[in-house]
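Chain nomenclature is as follows: A, B, C and D, assigned in order of appearance, with residue numbering initiated at 1 for each chain independently.
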Amino acid sequence: MHRIVEIEDRVLETPSTVTWRFPYSVPCAPGQFVMVWIPGDDEIPMSLSYTDEPSKGVTIKAMGSASRHAQSISTGSSIGIRGPYGNRFDLAPRRILAVGGGSGTAVLAPAAELAVRSGARVTCALGATTETELLFATRLAASGARVEVATDDGSAGTRGFVTVVADRLLREQPFDAVWTCGPEVMMRKVAESARSHGTVGYGSVERHMKCAIGMCDACALGPYHVCVDGPVFRTEILLSLEEFGRTKRDPSGRRVPL
Amino acid sequence: MHRIVEIEDRVLETPSTVTWRFPYSVPCAPGQFVMVWIPGDDEIPMSLSYTDEPSKGVTIKAMGSASRHAQSISTGSSIGIRGPYGNRFDLAPRRILAVGGGSGTAVLAPAAELAVRSGARVTCALGATTETELLFATRLAASGARVEVATDDGSAGTRGFVTVVADRLLREQPFDAVWTCGPEVMMRKVAESARSHGTVGYGSVERHMKCAIGMCDACALGPYHVCVDGPVFRTEILLSLEEFGRTKRDPSGRRVPL
Amino acid sequence: MSDLSVELAGIRLRNPLILASGIWGESGQSLVGAWDAGAAGVITKSIGSRPRPGYPNPTVEELGSWGMLNAMGLPNPGIREYSREIAFAREHGALVIGSIFGGTAEEFARLAREMAATGVRALELNLSCPHAEGFGTEIGSDPRDVDEVVRAVVREVKIPVIAKITPNAADPAALAAAAENAGARAISAINTVRALSIDPTLMRPVLAHGIGGLSGPAIKSVGLAAVWQIRQRVRVPIVGVGGISSGADVLEYVLAGACAVEIGTAVAHEGVRVFGRLAQELDQLLSKKGVSSLRELVGGAHRGFEIPAADFP
Amino acid sequence: MSDLSVELAGIRLRNPLILASGIWGESGQSLVGAWDAGAAGVITKSIGSRPRPGYPNPTVEELGSWGMLNAMGLPNPGIREYSREIAFAREHGALVIGSIFGGTAEEFARLAREMAATGVRALELNLSCPHAEGFGTEIGSDPRDVDEVVRAVVREVKIPVIAKITPNAADPAALAAAAENAGARAISAINTVRALSIDPTLMRPVLAHGIGGLSGPAIKSVGLAAVWQIRQRVRVPIVGVGGISSGADVLEYVLAGACAVEIGTAVAHEGVRVFGRLAQELDQLLSKKGVSSLRELVGGAHRGFEIPAADFP
C-alpha cells in the first residue's frame, strides 16, 4: 500500500544527486529502503538517507530515466512511498569504518549518525569521482564522525580509489565492523580488505527490484532475495556468491555483467 | 464465520425441548442470540439460554423440521455457531417481572439469573400448555427468583394464561421493568399490562432470519431489523408497530398472518 | 460543501450513493430507511414472477472484515405482492429503482412491464441469474443473451433500463457494449463474484447452496477493473458496485468511470448510516482536492491510459 | 504422521504443496530454495519465446493482508536463456514443472517442445495471457482456444500437460472440460482475478499497466468455486491455486476436489518457510481427524452435492 506524500524539502547534494525529505510516519531504520513511486514514470528502490522523525529522506543519483527525472521534481510534488523493506545495519559495534562510494554513502549516513549518537566511534571513508560529487561529507563530519575522502581526480582528499583509503585505515587502527555501500567492484575490494584484517564486514547491495516483498524473484542473488534477506549482507556471504561483483539480472531475469 | 463446536451436554428440558451446551469463548450477554448451523439441515436463530463461561447454551423447542431434528442430535455432534448477534436485556432495574411463554423462557433465564446475582428482586411468571412443558421453573427458583406458573390445562400453577398472572403481579406490587418473551399475542397482552401500570417493558421478538447481520432485510419489523436493532425492544415501540402480534414475513418476504 | 449531485440516464441524484439490490430491499419501510439516511436512490431486491423462498440457511458466510459470501437464492414475494412495498416507499418520497430477474427474455419483458407499472424511476436488470436452461452459467455472461434480454425489456418500458453486468465473464466490457447497443441507458457493474467456502472440520460447503457470491472489500478491485474496461467501451453512464465502504472507494470508482455507485455489503453491521458517512467522507476529499463538483472527476483516471491495454499479466 | 503424498498425472509428489508460477521462479537457485524448504514441486515462471522485461513498476500493490494486485507483464529471459535455470534446479534435485505462455497455439507448441527438452517433469500452460490479436481478453477464456492450444501442445510432448484455468471466464469448468478433452492430464485453477486499483489522491491507476490480477486470501473462495465446479465436470486431477495460506486452506481445496495445490502470494514476506508450515498444519489437521492419508479426502465435500447446482444467487 503506497502512501502518497508531498516532497516537503529538496536539496541538490551534488550536480547529479538530489535529496527529498517527506513526512512518513512509519518507523524506519538505517539500512532499510523504500519503494519510491514517481507517478507516470517508474517506481524505484531507494535506501533511506534520513530515518529519524519527523521526516524521512531519500537521496537519488541520476542513473537512468526515473532517477534523472527525479532531479527536476519540485517541492510540493506528490510521490508514493511503500516500505520500509529489508533489514538494517547492526549498530552494536563500537568502532566502525563506513566505506561509501558515490550514492552508496546515502544509506551509510543515517547509520553512522545513529551509531555516533549512541557512543560509537565512526570513521567514514567516502569516495567520489570529483569533489562536487562527494556526498554527505559535511553532514557526516558535523555528526561527529571522522571523515576521510578520496576522489578519482584528486580534487578533494586522496587521489584514487576509496578502497585504498579503507585498506589503510584498517591497517592503521582496529575496527569492530566495516560497513560498505557503493559499486560492487568497490565493495568486493572493501570486503577483501576486511577479511584480510579479520574484521567483520557488512555490505548493502542493489539488485533489480519489482515487488520488494520477496515473491517476484527479480532481486535474486544466489539463494537470497535482496529485498527481504538484504539489502545488508555480511561481506563474507557476499564474497561466497559467484555473482557478487560480476553479474546481476536485468528486468527480464537474464543474467548480465555488472 | 462459523465456529464448529461439539455439543458437550444435552438436556431434555421438556418432551419437546432440548438444551445444548457447547464451548464457545466469545463473550455473550443475556438477550443475544446465535445462528446455529445444523450441518446438512438448516441454520436457525437461537437465543442463548446460558451465557456464562465456560460453556454457552441454547434451548430448542421443536417447531418445524430443523428444530425437530435438533431434539435427536446427540452429545459429541458438531454444530456451527456464529454470533452472538443483537442487543441485550438491560440488567439495571432492581425489581423485575419476567414473563415467559413456552420456549420464550429460554432467553429470560440467563437474564433473570444474572439480575438476581447482581442483587435485583426478580419475579418470573412462566406459562406453558401443561406441566411437563414448563421450562426452567426449577432453574429459576434455584437461582433465587420468585417463580409463578400458569398452564393451559391447570396441571401446574394457575389454570389459564400467564398474561393473567403477570397482570395480577403488576397490580399487586411495584416493578421497575417487565421483561417478556413468548408468542406475540402473549407479549402484546403483557405489553399492554405494563403500559397500564406505568411500568417500562422489554420484549424479545422473533422474525425470520437469514443473514443476522442487518443486510438481507428478512427480519424487517417496521423500520427495524430484529437481528441488529433487536431482538429486545421496548414494548412501547412494539405496541406502536402495526405488524406486532399480527403479521410476519415468510422466507420470500411475503407478509403472512402470525 | 462540494456538489455531490450526479445525473444518471436523465435522473438527477442528490449524491452518487445508491442502495444496492438485495440489501435492505425486502420491505418498503427499509427502502425508506435507506432513503432517509441519505441514499440518493434505492434499488429493490431482485423481483421475479412468483414468490420464491430462496435457499435454506446458511445463506451468508462472513469471511472477515474484507469479504463475505452469500447465496440467498433470489428470495422474493413475486412482483404482484412486492408492488405494495414499492408503493409504500414511493409514498414516502424515495427514489426507487426496480430490480428484476428472469430465466428468459420473455420473462424479463413481462416483469419489466409489471415493474414499470409500480412507478419506479428506472429498471435494473439482474443478469447474474441462472439461465432457464440451467447448467450453472448466468444469463448475463453471454453478449447474445444480454442483447436479447435488454432488447426485449427496452421495447416494453419507457423508463431508463440499467443493465447490471456480472464479473463472471471473459469480458465484462463486451457485455456492457452489448447492453448499450440493445438500448440500455446505463450500465451497473458488478454483481458478486462466484465463490465457495468449505468448512474443513465438517468437510462440506458452508452455504447450503454450495456455490455463492463474494462481495465486500475483497471485490473492490474486481469491480474497478470492470468499470474501467466498460468505460473504455461504452458511452452511457456507469454505476459502480462492489466493495465500497469509504468515501475514497467511491472516488476510486468515479475516477475509473462511474457516475454513481451502489453500496451493498457495507450496510451490514453499520446499517444505512453508511450513506451519511460516505457522503461526508466524499465531501471532505473533494474539498481537500479543491474540486467543486464530483461530476468533474468521472473517468478522471483514464488520462494517459486511453489505449485499451491489449496485454495483461 | 499422516501420509501427505499425492499423485498428479503419474507423478508422485511427497506432499500436495507446489510453488506457483511467477513466484520465486526467476532463478534456478530460488526454485531449489523452495524445493529444499519442502515444496513437492516447483513451477517455473511463465516462459515465452523471447526475453521480455515485463511492465514498468509499480508492478505490485498490496491491498492488505488479504490480497494484492500484480501486473508483472510476464517478464522472462526467453526459453533459451531460462533453460540454464532449469538445469541448475534439476541438478539440485528439484521436481520442476515448466510453465509456458504464448499468443497462438503454434507458439505454445514450439515452446512446449523447447521446454520439454529441458527435462521438466510436466508442463503447465499459462492460458491467462493475452491473445496475440489483443483486445484484452485472455487466450484461455474461450473453450475453443483452449482446445486448440492444448491439442497443439499435447501433440508435441510426452510429459503430462497441465492446463491452468483462468477465473476470468463465464464457466471455468467448461474451459477445464475443453482442456481435458484435448488431452490435458491435469487442470490447475486459478490464475489471478482481473482487478484494478486507483490512487484517489494521484487520480491514476497504481499499477503502471493499469489492469492487473488479484491474488491472496481474497480469491481463495473464487478458486474454490472453480475447483468445485471443475471437479463436477472433469476426471483428470485438479491442482488448486488461489489464496492458500494455511493448512486448513489446503484442506478446503482438497475437499473441493484438488489433489494438489499451488502456493503463490503466501510466499511474500514469509518466504518458502511457508511450505514447512503448511505441511505441518495439514498433518495436524489430518491427525485430529484420524485420517491417515490426504488422498482419502480429495473431493470429500461433494457428498450430497452431486447434482450440479443449476441455480445460483
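Criterion: a contact is a pair of C-beta atoms (placed from the backbone, for glycine too) under 8 Å apart; a residue touches a chain by one contact, two chains touch by 3 or more.
Everything numeric in this text was worked out from a predicted model, so none of it was measured.
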Contact-graph distance - origin chain A, target chain C: 2
Pair of chains whose C-beta contact count is the highest in the structure: C-D
Interchain centroid distance [CA atoms averaged], chain A/chain D, Å: 37
Chain centre separation in whole Å, for chain D relative to chain C (CA means): 31
For chain A paired with chain B, centre-to-centre distance based on mean C-alpha positions, whole Å: 68
In chain D, residues with contacts to at least two other chains: 63-64, 70, 72, 204, 304
Two or more partner chains touched - positions in chain B: 40
Chain contact graph, described as a line, ring, star, complete graph or other shape: line
Listing of all chain pairs that touch each other, if any do: A-D, B-C, C-D
Interfacial residue positions of chain D with respect to chain A in the complex: 22-27, 29-30, 32-33, 45, 51-54, 56-64, 70, 72, 75-78, 81-82, 199, 201-202, 204, 206, 208, 264-265, 267-269, 271
Residues of chain D that touch chain C when the two form their complex: 63-64, 66-67, 69-74, 128, 130, 134-138, 141-142, 168-171, 173-174, 192-198, 200, 203-205, 209-214, 217-219, 221-222, 224-226, 228-229, 248, 251-252, 255-256, 285, 297, 300-301, 303-305, 308-313
Contact set on chain B toward chain C in their complex: 1-2, 4, 35, 37, 39-40, 42-44, 78, 80, 82, 209-218, 220, 222-223, 225, 228, 249-255
